[in-house]
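Have a look at these structures, which come just after this line.
You will see chain A twice below: alongside chain B first, and alongside chain C after that.
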Partner chain A sequence: MEVFSKTTALALIFGCASLPPMAAQAEMADPNATVEYSGELSILTKFGMQRLQPYFIEMAKKYEALHPDVSISLIQEDDDSVKGKTKTLVASNSLPDIFFSWTGTWGGNFVRGDRAVDLSPVIGPDTDWGKTFAPAAVSAFMYNDKYYGIPLYLDAKFMGYSKPIFDELGIDVPKSHAELIEACKTIDAAGYLPVSFGNKEPWAGLHYLGQLLAYNVPQTVLEADYDPATATFDDPGYVAALNQFREFQDACTIGADVNAISYKTAIQQFSDGVSAMYYQEIIEFDSSAKPTTKLTPDDFGFFVLPPAEDAAGDHMALEGAPEGYMISSASENIPLAIDFMKFVTKPENARILSAPPFGQPPAVQGGADSENMNPSVVEGLDDIAEASYLIQWLDTVNHPRVASEWLSSFQAFVGGTKSAEDVVADVRTTAHSIRN
Partner chain B sequence: MSTQNIIPEVAHKPKPNPWVIVGRGVLQSFLVLLGIVVLYPLLWMALSGFKSNTEIFNSPFALPQNWSFSSYVDAWNNGVSQFVVSSLIVTAMSIVATVLISAWTAFGLTRTKIPGKPLLVGFVLGGMMLSPTVALVPLVRMMQSFGIYDTHWALILLYTAFRIPFTTFLIRAYMLDLPYDLDEAARMDGATEGQIFRKIILPLCQPIIVSCVILHVLFAWNEYLFAMIFTSSADTQTLPVGLTSLMSKHGTDFGQVFAAMTISALPIVIIFFLTQRYFIRGLTDGMGK
Partner chain C sequence: MAWLNVHETSGASYAGSTPYSRYKHLAAMMLEWRWVLPAFIIVGWFVYYPIIENFRVSTTMQDIFTGEVENVGLENYTRLFSDKVVWSALRNNLLYAIISIVFQVFGAFIVAAIIEDLSSRKMRNFWRAVYFVPSAISTTVTGLLFYFIYQPDIGLLEEVMKILGLGAYAKAWLGDEDTAIYAIIGMSQWQGFGYSALLFTIAIQKIPKELYDAARMDGAGALRQLWSITLPMTREMTGMMIIVTITGAFQVFNEIMVMTGGGPNNSSQVLGTWLYEMGFTQNDMGYAAAIGSLIFVVTTMCGLAQLWYTKRKRVNT
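The block that comes next holds the complex of A and B.
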């Protein structure tokens, strides 16, 4: 019932949000503006979950203590409710001064509607503030060669593995796609599930494909194909990536039945020591191996999904994206909003975010509290820093209709009812239909 | 002699029809099964509150290995207590407002002479056709301009406004069946319209009012959309929205979530069992005639 009402609600809210809202005006941040430390600042966060909620409350209290004339009101939402809340607030022209945004098309919509302040003069790569972030994190919020977002934390996808199972079977960390397939065969023969994978939520599978596309399709081609106006989807790397996934699915997972398994079940199988590997986001490291689970943090290892040796794309690319915040162009106190975000992204505050119980890998350089953080997360951050290119999630970087086609077609491919060629053809047709 | 002939005839009971016994057995088995179908999910939810994530995923139908109330305590301390308080405030206040306004409206629509009454009835009951989701965006602006956005008052106002048409519809149907002689007798005794409403009609409407209260409790306790849009802070969020904050894409303690769901369902289940007699009678009285 609740799921029904929620889904219906979001669908209807989207309908409401598409009503013509009042025109917004493009704004550009002024680096020399004087900050007036008075008035109210409203913030829409995505830290509504119990574990993360205290972070912004603490930041707001600290900031208010420094500037007693400023009062901060927080709207804290979770992963799902933030979508509905944002759409309603946009449609009713009451977007808070600072609001959460994903990268890709979600953030692009704010830019297109002139809802977000152009922050290039204050957070561009050559600015003092911009230099404090990981460059890939800032550029992930770049639209039309301008910078609109303040990245708060980083996320990327890695293959987590059980060290005890790998040690027991004498398996080394795979360095290539072929080695991964061989490792899966060995693990399977020993009676373990090689990789627990749940594709009931189709984005989970698309995360594998995103990484494989980065390995098989050149970056320039990928970026051209993100835009329906220039998309061709004719690079042979697409079919090659899908075929590599098929090989992986056959050797490492339970096959087509993964479409009936939730990603939550898959991560639990990994935590319970049932499976030897689970492909996960860096922000999941803390929850997949806990002191209370069978797979303890000491048993946990990870590696970047290895590329096929003959893959034609970038072998050093990594799938991931930061999440961050934008400043509303309708804000009456833009300098104050920017000042608050500068405060939140100070290394000492970023270290609070990186340490338990929050455990979010910060986007600020030097913001990782390596003493208190999970060592695997610290290592993962190094891998992110070394990556030549961060390929964003396919379902957020593409046009919503293309993303939707990727999700449904790839799920059909995993279920065995669609061929690799058909998946690419259908995505191409959708992209072309948008262009036309 | 004759007595001897008669007695065996009187004492002889007709042989029970085997088909009647079979039919009764089937019916009773069906009802027991129906009871299990309804009650088992609730029991499963309550039992899952005693389990760890591993048990929930690997042996979802087994009994808990450890009968510890820790998940219930954690859920209560992690905000559920506050969500329960918010839900109680919003539900209780909107019940009082909805039922009183609706009863007064129904009284006016059934027992007073108003010109253009059918039009008024159509106008009030037409409110049932309005989808709350369609009005969402203007309502956000309205609540913000009233200064009650992210307060309990926003939900109380909205729940009352959107439930008045349906509640009026129920009470009006019930009031139409009450004899008009009562009003006339009261008027002859010098009672005002207000007194007739308070002292005669309202007490007679008790069954339908109890039904309306129960229906409103069910609605306000479980309502998600308005609660999600019009509240933001943990202090104002009601249970359905608060429960989602216990879940996250990464790392959910499902034992705690089930415990929180059980705590949130408990008041509604208790209320229903205590008042089911009124609920069924009032509803059929109001709607059946």
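The block that comes next holds the complex of A and C.
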């Protein structure tokens, strides 16, 4: 049995907690600062996946070629590991010069602790650099009326589907929750798995719920409930959304067993043509359907998860958010760090990011290379633009303890050991315990 | 031992108690200490200071982002008692320990005894290798391997169960709150069994053959020899294996993180993973340190109890 040794456990706590946690000092970017092109820049990215890793490596090489006295060191983590890595780096006061951040409470933590540089003078909507981005992407990183993040790409969740299976069974793209359930029944009867879904990593299931909550709970209520100080979690839309999910789970997936399936296995089932649908982020389009997989990019289609007709929330809302980077206030070379990110977000580099194999819809206006991009990603960008608002990921927008309660309770709900009412009650209790 | 002689000699001089001899004695003592001082510093700094510091951190509430630290006394320990997941994690650790003792200590002992009883040397080597191979695979790889073996519908275990006519009992072993921890413990036995068996093999090889010859002449059969010679003569190894197994069961981490991440619904959390969740996901370092203290206390108590027991029962040849 491999052990998390006692000494390691205590050393982790010791290392991260006994030395400070030191208070950071607020920093504001100076638009007139002279950039000194020398020294080392460290960057924590969320491009740890093999397919995405080369992007920042290529950017670093290009930048180093332009400025030979600059060396760039990369720490590349994936979606799961970046969370733990970031907190460990914060706790040990070792945040790199540039680091990945989600929007919402996640990014707000860095602002609250003065860990991130206030970039308003350089990336605010009226600045030259700020005007190059989609305005909504920049404002997603706004906290206390200041701008702290550099959005790199836009992300949103869509239901990907196999056109050959839909064509074979004569199924049209579902426009409502009821039509989706009917489509699943038809697909299941034909011997295909309707939707491959893995909830071993419970955030995957929470992504379904986030979209359903946007459809069933008014935006103002949701936003009040994100803050434990004002949270009530008494809107009936919460239970309605959970019950819609239950209906979906029963008709479209393998049921409670999804808790044993990893999201990576689920996406593989879709790529292999085993399942007809897979709920995925737009940034995953290029990895779920490739020329080398059974489901090719030509076979791939997508649609927004359809709402129930009687849902009381916003039917035009879409789950997603831009993702981007912040500059550490402890960085010894803030102007250089900003300059590197200006380089990365140049339209020509954004076009590289948007094209296969990366397939990340850029936050930079004019950065999408529609000729080289996956057409589905281009279409997805249109849907994002048409959305009434973007509801953020529940596990990053909520207080960490509330997010943790959502994750474990929803997994219990999927496994059939908690009712919808119990899930909402437990989340409410957790939120209230934080407030008290 | 030369250093001991010096000590004894100087001790005798010290009895004469002149100021000069007292100084000489002190100097000799300091000379002795210089050899062990580096080790004391290293062990003190890297092992004991973190343990003490952990107890201090456990009496605080810290926000890693803002750097705010608030002293909360024993509040984190009070919270431990009302945290349902802590109790469930403690139960899982205990299950891990009990099942591991059964399989990795007593099961491995019996298998080692059987292997060492084989007359063919080639067969002995072969079976030792067979049992040891899983221990040479990293826990992360083993965890992934068993994740696929346990998969519902397509997993190897379910296929085998169907062949045996037990398909009706198949389930999503890692996705069910009632079975997830047992599935992980099962994997751990598969991996750790061979290592324990190898250690017992070494202990059995050290038993003088004359004891078995004498027993055979007295008419003792294989079971009587196992019970009356092998078991008592390997008691120290058994005791050590129990300590290692119990301590290891309270420090288990990797296999949980790889196979279930503590889920579903925290049902497979153990104290180590819950500590990580609190500290590094929920940003609650003080409470995580309190969980660390709990792990420390439990493992230390188990260790001391086992040391006392094996010392009491020691058998000398």
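In this text, the second predicted complex is superposed on the first by the 369 of 436 C-alpha atoms of A that agree within 3 Å, B and C clash if a C-alpha of one lies under 4 Å from a C-alpha of the other, contacts with A are read in each partner's own complex, and residues count from 1 in each chain.
Here is the rule we go by: a contact is a pair of C-beta atoms (placed from the backbone, for glycine too) under 8 Å apart; a residue touches a chain by one contact, two chains touch by 3 or more.
All figures in this text were calculated on a predicted structure; none of them were measured in a lab.
Of the two partner chains, neither chain B nor chain C is touched by A:429. In the superposition on chain A, A:372 makes contact with neither chain B nor chain C. In the superposition on chain A, A:76 makes contact with chain B only, while chain C stays out of contact range.
In the superposition on chain A, contact is made by A:259 with chain C only, not with chain B. After overlaying the two complexes on the shared chain, residue contacts for A:401 are found with chain C alone; chain B is out of touch. In the superposition on chain A, A:84 makes contact with both chain B and chain C.
Using the contact criterion defined above for the overlaid structures, shared-chain residue A:38 touches neither chain B nor chain C, since it reaches no partner. Once the two complexes are overlaid on the shared chain, A:388 sits clear of chain B and of chain C alike. In the superposition on chain A, A:232 contacts neither chain B nor chain C.
For the contact definition in use here, the residues of chain A common to its chain B contact set and its chain C contact set are 1-2, 5-6, 9, 12-13, 16-17, 84, 88, 91, 265. Taken together, the chain C residues at the contact with chain A in this complex read 46-47, 49-51, 53-54, 56-57, 60, 62-69, 96, 100, 104, 138-139, 147, 150-153, 171-177, 188, 191-192, 245, 247-249, 251-255, 260-261, 263-266, 272-273, 275-277, 279-286, 288-289, 292, 295-296, 299. On the chain A side of its complex with chain C, the touching residues are 1-7, 9-14, 16-18, 20-24, 83-84, 87-88, 90-91, 109-110, 112-115, 199-202, 254, 256-262, 265, 400-401, 404, 408-409, 411-412, 414-415, 417-418. By the touch rule above, chain B contacts chain A in their complex via residues 52-54, 57-58, 78-79, 131, 133-134, 136-138, 140-141, 144, 150, 222, 224-225, 228-229, 232-234, 240-241, 244-252.
The touching residues of chain A, when paired with chain B in their complex, are 1-2, 5-6, 8-9, 12-13, 16-17, 19, 48-53, 74-81, 84-85, 88-89, 91-94, 264-265, 268-269, 271-272, 281, 283-284, 286-287, 292-294.
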